[in-house]
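What follows is a set of structures for review.
In what comes next, subunit A is part of two complexes: it sits with subunit B in the first one and with subunit C in the second one.
Up next is the complex of A and B:
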């Protein structure tokens, strides 16, 4: 098979590509500028992150983010954040090759706010638009940052939970949630306990879980390669309401007789959910005979999940776990710029009439033309 | 200074007359009536950290402010249309129940 030529669309006289990426599929508004040198990206010929700016819409404790207010946040900040990203990168609109934006999946109203900004800039600067699948953005950025070549990808965030493997120019979904995403499960439990949303509810649960000592038995719901989390959430929500509601029911650990605390509940929820994720990831690894795992998505920055995954992988021959820090795990603009630029270099662009965003956009719908 | 004035036109296959909306006489600002933070967030103790920046006194700044007024008018116009439609549908159900003896849940 002939190697893929990613330099067909380079502008005359240029030795690189530059892309602006706009992300706003949930409560983070991210803008980034990326530079690709000519040729295939390798450990010696890496993409350069010129800027990566993010602003998060934060709600009061106990409240989730509503589509309308999240869209309003993105609408009112997007120009300021784009200006900051361009200034950080030291580039002007005329220097760019394309404008990349998240086309889905995500929340409709916030996606809509950001695509309007992308369309406006594309027309203002006469640049092509590239619609990017949010999940593919996470995967490509994770691969670029960690250097993982062909890993099993565990994509865990507020809106998605998927185990993915690459095959024949598609990122194929091996297993996924049958109902709510893992981040959504953790965030909603944070709301039940009225844990602050700043900097992120999942982060605050993680810190509380570190102080938990007793494991409360919760349902364990792996179904083949898939998993279900809504029942677990319903169960632990019920336990919390009994403990901290009008009943003030005292729950004790059977072994020590010590009282169960909110920290114990956070610990138990994390341990149960992460065990389920580790189980299906291990099964996918065995299936495709891979020894690498790449964890992406906001929940991927959870250190306990990384630790549990590392324990599983250690038992496999030459196994390794790859993960990124919060700059790249949590939704950001640079991953959209990076995946969008790979698509652009393969000749994929969107005509203005094909830039409609979609809340449902599965990872395996994307033709990954830039990989062989 | 150049004055840029935005307009909006509403047309519908079922309505013969098109409706043209203009910002009209000011004052205009980027702080729109219909684009405020939700009551539910404020009631939960949230604060509005996402107000739009004020419009500059430039042609583009004035356009932003006028566009916000136009957006308000458009939102009010469309909301009213939806309320009217809902009322017509409600009236129709009432008429059908009273006149035709149709059960509300039958369709």
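Up next is the complex of A and C:
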């Protein structure tokens, strides 16, 4: 196959492409500007992040974020955040090649509140729009930042839990959650314990888990290549309610006789869920004979998950784990700009009538034209 | 900020039952702005088509939004949603129209 020409659409006299990316599929509103030099992106010819601005809608402890309120947050901030991202990048509208936006999957109202701004700006500045699959955004950003060439991707966030492998111009889903996402499971347990949502519920659970010592036995629910987590959440929620509800039931560790603490519960939940993730990831690696794992998505910033994955990979020949820090693995605008620009360079643009966002948009629906 | 003019009419369209009708008129500074606003909000399909129909027309510099629904309630929800969207459109226009060559300053 002939190498893919990614420079067909370069503007005359330019030696690069510039894209603005807008993300708002959940409680983070992110805007970023990315620059691609001409030619294929390689470790020597990398994408350049010019700006990456994010504003997170934080709810009080014990409360999750609802679509309507989240959409209102995005509407309130979107213009200011776009301005800040352009200012940080030192880029004018006239320099841009396209405006990329998250088309799904995600929460309907927040997605829609952001695409309205994208459509208006695209018309004002006469720029093409490019709709981006949120999951593909995570994958492409992870690959670009870490340099992982063809990894098994573990995509773990508040709304998604998938094990993905690339084959024949699609990111194919090997295994996924059958009910709730891992981040959703952790966030909801944080609400049960009234752990603050600032900076992120999962982050606070991670910190508490570091102080946990006793493992509470929880259900372990791997089903082939898939996982189920709602039962685990129901179980541990029940334990927590017995301990901290009116019953004030004391739970003790069988071996030491020491009392079980909220920290122990966080620790046990993480250990159980992450073991399940590691198991299906390892199986996927065996299937496709890959020795690289790339962890993306908000939960990917959890250092314990990274550590457990590294332990598994160490036992495999030449294995390596790739992960990114919170700037790139937590939802952001730059990943949308990056994946959108790759699509734009392969010829994708969305006419206004094709910019409708959808809550369901599977990773494997996207034709990955920019890879061979 | 543009002034929003409300005009309510009741028509007897029994066969469709979309007999609650409200038209909102939003004047913009230019014809182009009104048409951009129309394009930005008209792209999204209306859910529950049997309960409400919405039509957006840009006439000169005025954006007309015509709502016809089965009850006051569905009209109210649709209008509220529409105004939320138009707020974003207007704010985007206000900040970025004619600013294609502007390098925005940090902390402005």
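The working rule: the second predicted complex is superposed on the first by the 372 of 372 C-alpha atoms of A that agree within 3 Å, B and C clash if a C-alpha of one lies under 4 Å from a C-alpha of the other, contacts with A are read in each partner's own complex, and residues count from 1 in each chain.
By definition in this document, a residue touches a chain if its C-beta (ideal position, glycine included) is under 8 Å from a C-beta of that chain, and two chains touch if they have at least 3 such contacts.
From a predicted model like this one, the values you see are computed outputs, not experimental measurements.
Trainee: Clash or fit: subunit B and subunit C on subunit A?
Mentor: clash
Trainee: Could you look at A:57 and tell me whether it touches subunit B, subunit C, both or neither (first, second, both, neither)?
Mentor: first
Trainee: In the superposed arrangement, which partner chain does A:66 touch: subunit B (first), subunit C (second), both, or neither?
Mentor: Touch partner of A:66: subunit B, not subunit C.
Trainee: In the superposed arrangement, does A:116 touch subunit B (first), subunit C (second), both or neither?
Mentor: The second partner, subunit C, only.
Trainee: By the touch definition at the top of the document, which applies to A:77: first (subunit B), second (subunit C), both, or neither?
Mentor: Touch partner of A:77: subunit B, not subunit C.
Trainee: After lining up the shared chain so the two structures overlap, which partner does A:359 touch, if you call subunit B first and subunit C second: first, second, both or neither?
Mentor: Once the two structures are laid over each other on A, A:359 reaches no partner at all.
Trainee: In the superposed model, which partner reaches more residues of subunit A, subunit B or subunit C?
Mentor: C
Trainee: Please work out whether A:125 is in contact with subunit B alone, subunit C alone, both, or neither, and reply first, second, both or neither.
Mentor: second
Trainee: Which one of 40-48, 76-84 or 94-102 is the stretch of subunit B that crashes into subunit C?
Mentor: It is 76-84; the other listed stretches have no clashes.
Trainee: Give me the intersection of subunit A's contacts with subunit B and its contacts with subunit C, in residue numbers.
Mentor: Shared contact residues on subunit A: 72, 75.
Trainee: Where on subunit C is subunit A touching in the complex?
Mentor: Of all residues in subunit C, those touching subunit A are 36-37, 39-41, 43-45, 84-85, 87-89, 91-93, 95-97, 99-108.
Trainee: Please give the residue numbers of subunit B that touch subunit A in the complex, ascending.
Mentor: Against subunit A, the touching part of subunit B is residues 35, 37-38, 40-41, 44-46, 49-53.
Trainee: Going by the contact rule set out above, which residues of subunit A touch subunit C in the complex?
Mentor: 71-72, 75, 78-79, 82-84, 86-88, 90-94, 112-113, 116-117, 119-121, 123-126, 352-353, 355-356
Trainee: Sort out for me which residues of subunit A touch subunit B in the complex.
Mentor: Subunit A residues touching subunit B: 57-63, 66, 68-69, 72-73, 75-77, 80.
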